[in-house]
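Please go over the structures that come below.
In the two complexes that follow, chain A is the common piece, with chain B as its partner first and chain C second.
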Partner chain A sequence: MPLAYGRASHGKPIGGGVVSGRGKAFARLFAVQAAWNYERMLGIGMGYAAEPLLAGLEATDSERHAEAAGRSAEFFNCHPYLAGLALGASVAAEYAGESEDRIRRLKTALCGTLGALGDHLFWAGLLPAMMGLALIVAVVWSPWWGVGLFLVGYNGCRVAVAWWGLRTGLDTGMRVGQAIASSWVPRVRRWVGLAAGFLVGVAIPLAGRFLLGGLGRSQILIGVGVAVLGLALAYRFRATFGGVRYGLLAVALVLLWFGVLP
Partner chain B sequence: MPILLYRIDDRLIHGQVVIGWGRPLGIEFIVLVDSEVSASEWEQELYRMAVPQAVEVVFADVEQARTSLTDWQADPRRGMLLTGTVDSMAAIRGNGGPTIPKINLGGVHHRPGRRQRLPYVYLTDEEYRALIALKEDGIEITAQDVPTTRAVALSELA
Partner chain C sequence: MESSVLMGIGLLWVWATIAGLDLVSVPQSMVARPFIVAVVAGAILGDLLAGARIGIVLELFALDALPIGAARYPDYGAATMGAVLVAAGQPPVAGLGVGAATGLVLAALGGWTMPVLRRANARAIRDRLEMLRTGHAATIRSLQYAGLARDGIRSGLLSLIAIGAGLLIRHLPPLEGDAAAALTVAVVGAGLASVLSGALRTAGRSRRCRWLTAGLLTGSLLAVAL
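Moving on to the complex of A and B:
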């Protein structure tokens, strides 16, 4: 059956049916990992988020709608914060009447790309950067300001990126690769890791100074010992030292400091 | 420096590959063997985006991989070779093809006909038999998604 929607890959806008489900799909994206499993990974969550976006297709082509709904819940995995790009792009491709094979290949390619980009941007970038910045603010100004800055700053970025991703995916469809390449993502990716290293590097000695409450001889020795231990652990486990584990190590050190040391 | 990792992963280039293995091994180039990707510019563009600028990505089909593998193995840089399927890796080795010392099963996910062997490895009986044949050919085969997990021997996937 011929399709009447035009092709997103040739630059045509997507039909109005897609636009009507954006809000619901955006909200559902925050539950994209809720039904995570090894068989489909994010697949069920993606299918759930795609359902309101695909509703407009049902009225014009119910057969295509049924196929698209099934495809949307197939195996898929990527960084959850960037899942909106894949969701939007694959839904736009469905409306554009792209072939089943091209849509599957698009999702496979996005699987890896969005996974790697997300790991760089968030786990190895924004998360440690915000932790470092929050620690600096907590030590220099107020602990509550530090906690507040982290919660608002990190989650604000996460929400904004999810919305940008969904919108960009829907607007570009099969051209989502070009859209990502010409967006803020490559630029931010280049400096966010450096920023994280710098901020954590500044935060650690400041936090040490704060915890020591002064710099007596024994405290300097203890501080140097902890720093050497931290460096040794970071080097030994460099393959797995993501932002979360780095943060947990810092928390463990603080607890050890107050719980064990006099 | 030889190719340090020969990996079968149906997601091809992704976070486990770039950060999980790429960083600790100091990978400087990745050979992605997939006939359809090697003929598709938009897919290549997407996969290149997943990799830091300093890492080169070479796209090849199985035939190109068979003829060029010894050159890649002689490259002074640290490399990784990726295929999306067991069949592609087996075809690179083929009869009398280039030597592959070790294969890493990194992610072969659910499809109709495949049975779960590990949470991240699903294989049909034919795929399992193809891996056994590669093992009998002298190739060490283990399943390991990231460097920090245990390498699982092929015999445990029966």
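Moving on to the complex of A and C:
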């Protein structure tokens, strides 16, 4: 059932956050980055995901619907898994009849907040934690168990968070910032980060042993030396000297040394 | 070429293309991670352990990069598949170094294609600004599907290049003993440096650094004990 359309008091969305098209919008959020570009970033993906949610507005006020649909596809950027929070909140604000200016300010405020939160929670937290665990399981037990554990564990969390985000956004509208601050997210973010540090730490020596296991003692020591040198270079030139560049440099030096490269 | 070989290559192409799409466009379920791509590619090629070795070493590099916002990062999907194609069926020391080196080059190439794709998406949007301003639903949908199609073509082409590179390198004369071992040592050492520097950078001087240290000690004890 679509929300009733009307002006909200104190930014509270009208209709208790019940909006039709949630399932469709949720599914579309999985492709929110499909048209990612440097000008609107997630904008087109957000507009695409907003379409089913805004359908109810078309019946009551087609002019407002056209404006809302246009706004939904404007510049926006945040972590893709948390885009549902911004989508839900902005759609609820459209139904609540909030002004154009307030909706744009809400989205601008959410860009930085959801970007930083998602980067910490997922890219620097859950992803390395689950991958560290998967590598440990793969080395100690079996690669397939590592793959299965990672895909089920990571995606289970990711899907649950995305659904929570869309629901919370739709239910809280303009008050989404308070809803995030008082939710489980800030607490979990800290713990996931610590778990990631520990699990990646355990995985590194195990991976090194697994990969260098068939080599002699002197070759293993050289490998450790290459790692220490790389660490020092990464520390000294951290802005320009990423892991892949160091890897390619090491490969090129070996090939030159053995005369494989002219 | 035998039909079973063609079937295997076809499966690899499909798998690497799916992984390429997963990296950014849809559904970002992390099947594009090198460890996942490599284990499946190894199974397709009948050498699961070679896949696992390549996957783990390239994952050490991938863990260094955070795919944040507009940052350019390597695309390991097709690259990992090409690396496994090189390493499968080879002795571990010989296959790992050459395969991972191939993967690193292809991953850097894949990373270069991302800005090209993003600029193409932006150009398509610029042509339809007026329709977008009025919230024209069909325009938004068409831009979304076109972006998806562009990324599909990008990852399909990258996968073809990776298959070609993999098959070509397999047909080159193999590296001899010392050179092969040195390449393996260099790539694994660089991978360890990469994951460690990424972990230290993320941890900073916070409590996470202490947990990382505890993890490193635990992992070292396990590595000696196992």
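The rule we apply is simple: the second predicted complex is superposed on the first by the 192 of 262 C-alpha atoms of A that agree within 3 Å, B and C clash if a C-alpha of one lies under 4 Å from a C-alpha of the other, contacts with A are read in each partner's own complex, and residues count from 1 in each chain.
Heads up, the rule we're going with is that a contact is a pair of C-beta atoms (placed from the backbone, for glycine too) under 8 Å apart; a residue touches a chain by one contact, two chains touch by 3 or more.
Note that this is a predicted model, so its numbers are computed, not measured.
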Chain B versus chain C as contact partner of A:Leu87, first or second or both or neither: neither
Partner chain in contact with A:Gln178 - chain B first, chain C second, else both or neither: first
Touching partner for A:Ala109 - first (chain B), second (chain C), both, neither: first
First (chain B), second (chain C), both or neither touched by A:Ala162: neither
Partner chain in contact with A:Arg40 - chain B first, chain C second, else both or neither: both
Which superposed partner A:Leu229 touches (first chain B, second chain C, both, neither): second
First, second, both or neither for A:Leu121, with chain B first and chain C second: neither
First (chain B), second (chain C), both or neither touched by A:Pro205: second
Touching partner for A:Asn77 - first (chain B), second (chain C), both, neither: both
Touch count on chain A, higher of chain B and chain C: C
Residues of chain A that lie at the interface with chain B and also at the interface with chain C: 38-41, 77, 115, 119, 124, 238
Residues of chain B touching chain A in the complex: 10-20, 23-24, 36-37, 40, 42-43, 45-47, 49-52, 109-111, 116, 119-120, 122, 146-148
Touching residues (chain side chain A, partner chain C) in the complex: 30-31, 33-41, 44-45, 47-48, 51, 65-73, 77, 80-81, 115, 119, 123-124, 127-128, 131-132, 134-136, 138-140, 143-144, 146-147, 150-151, 154-155, 158, 193-212, 214-215, 219-220, 222-231, 233-235, 238, 242-244, 246-251, 253-255, 257-258, 260
Parts of chain A lying in touch with chain B, wherever the complex brings them together: 38-41, 75, 77-79, 105, 108-113, 115-120, 124, 174-175, 177-178, 180-181, 186, 238-240
Complex contact set, residues of chain C against chain A: 24-31, 33, 35-36, 39-40, 42, 48-49, 51-53, 55-57, 59-61, 63-70, 74, 92-93, 96-97, 100-101, 104-105, 107-108, 118-119, 121-122, 124-126, 132-137, 140-141, 143-148, 151, 175, 178-179, 181-203, 207-209, 211-220, 222-223, 226
